[in-house]
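A quick write-up on the structure given underneath.
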Amino acid sequence: MVKRIQVATRGKGLTEITLAVAEVVRAAGVDEGLCTVFIQHTSASLVIQENADPSARRDLERWLDRLVVEDDPQYTHTSEGPDDMPAHIKAALTATSLSIPVASGQLGLGTWQGIYVWEHRHRGGRRGVLVQVG
Amino acid sequence: MVKRIQVATRGKGLTEITLAVAEVVRAAGVDEGLCTVFIQHTSASLVIQENADPSARRDLERWLDRLVVEDDPQYTHTSEGPDDMPAHIKAALTATSLSIPVASGQLGLGTWQGIYVWEHRHRGGRRGVLVQVG
Amino acid sequence: MVKRIQVATRGKGLTEITLAVAEVVRAAGVDEGLCTVFIQHTSASLVIQENADPSARRDLERWLDRLVVEDDPQYTHTSEGPDDMPAHIKAALTATSLSIPVASGQLGLGTWQGIYVWEHRHRGGRRGVLVQVG
């Protein structure tokens, strides 16, 4: 079973999708198996991070922003705006796909784990995410 | 088939779990398929690295330590200790899940590949890892 | 179904394997499912990146080259050449496995996504890649 969900991001940062993914798992009715989340973009990515304290996600976002700067004079791929090349690099350093075992019909996430879409463009947009359960 | 294994880490660094994962694959009795390893934490992660020369794993650990420093004045998430925010960043830059094809009943690892839990906290602890074979 | 493909890389950089992976999916005849790509090496890795403008892939390659330098005096794992330790680090920061949902018999890639082997050694070589469809 493959379902496509659309995630509206409001600019750079993390948008939680744990509940939407869990809903696909529930609908699939699989007791033991695997749930794979895949993002269909190269300027946004996926990450599993702490779901408790928002300061951890903010610090994470800012840290990556300082590592992959916008005004790098060595970029040649600049036609799509100053945030496009950094977005591709950030996507390459994080995850495009994540696979989470399903046991007793539920995602095997740890207590403090949430699944997030990580938007790397300033403007954000509608991001397509495939969720496969099998 | 989903099995949970517990990995005791002794502070920062890599702990090999290849044999424990291979044992789950053997017990599952699957001839061709997929083995997924998933870590249920956000301050420890997974990595496949060279299993031969330990100096490669030591250099890897030290390199990441220099990239993601502890005493960054820009961190605001500091309530859980100076090594907590760096641990979340390191986890985001490495893997939370890894999937390895199974062929002829065995993990399809290359000759020099080992599967490791990468502990990012000083203290270490018991880390939950799910292994799914299907 | 697990198939091993061999990818000849010509030194550092990205080599596209999207068509080869799609061919394995076609041959498997699976309508809905999951395709997992796994590289059997620790000095080369996998990445999904923009398949349109080659300048994005060149900038990505150069950016990682500047982040993970060759002449780092702190490396102790130097016996296999100056590009070996950086190659292990780069592999750890990118992907060893990627999983892509299959729907209507096709890889669920976004319009601008291509699958690439990322060679991190100067010399390149023959890289073994497993493709599992199930």
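For reference, chains read A, B and C in written order, and residue numbers begin at 1 within each chain.
Everything below uses one rule, namely that a contact is a pair of C-beta atoms (placed from the backbone, for glycine too) under 8 Å apart; a residue touches a chain by one contact, two chains touch by 3 or more.
Keep in mind it's a predicted model, so treat the numbers as computed, not measured.
On superposing C-alpha atoms, the copy chain A sits rotated by 120° relative to chain C, to the nearest 5. Comparing the contact residues of chain B and chain C by number shows a mostly separate set, under half of all numbers used being common to the two copies. Distance from the chain B centre to the chain C centre is 20 Å, each centre being the mean of its Cα atoms. Among the residues of chain A, those in touch with two or more other chains are 34, 67, 93, 95, 99, 134. Put simply, chain A touches chain B in their complex at residues 32-34, 47-50, 53, 55-56, 58-60, 62-64, 66-67, 93-95, 98-103, 108-113, 134. On chain A, the positions that touch chain C within their shared complex are 1-2, 34, 36, 38-42, 67-68, 72, 74-77, 79, 84-85, 88-89, 91-93, 95-97, 99, 128, 130-132, 134.
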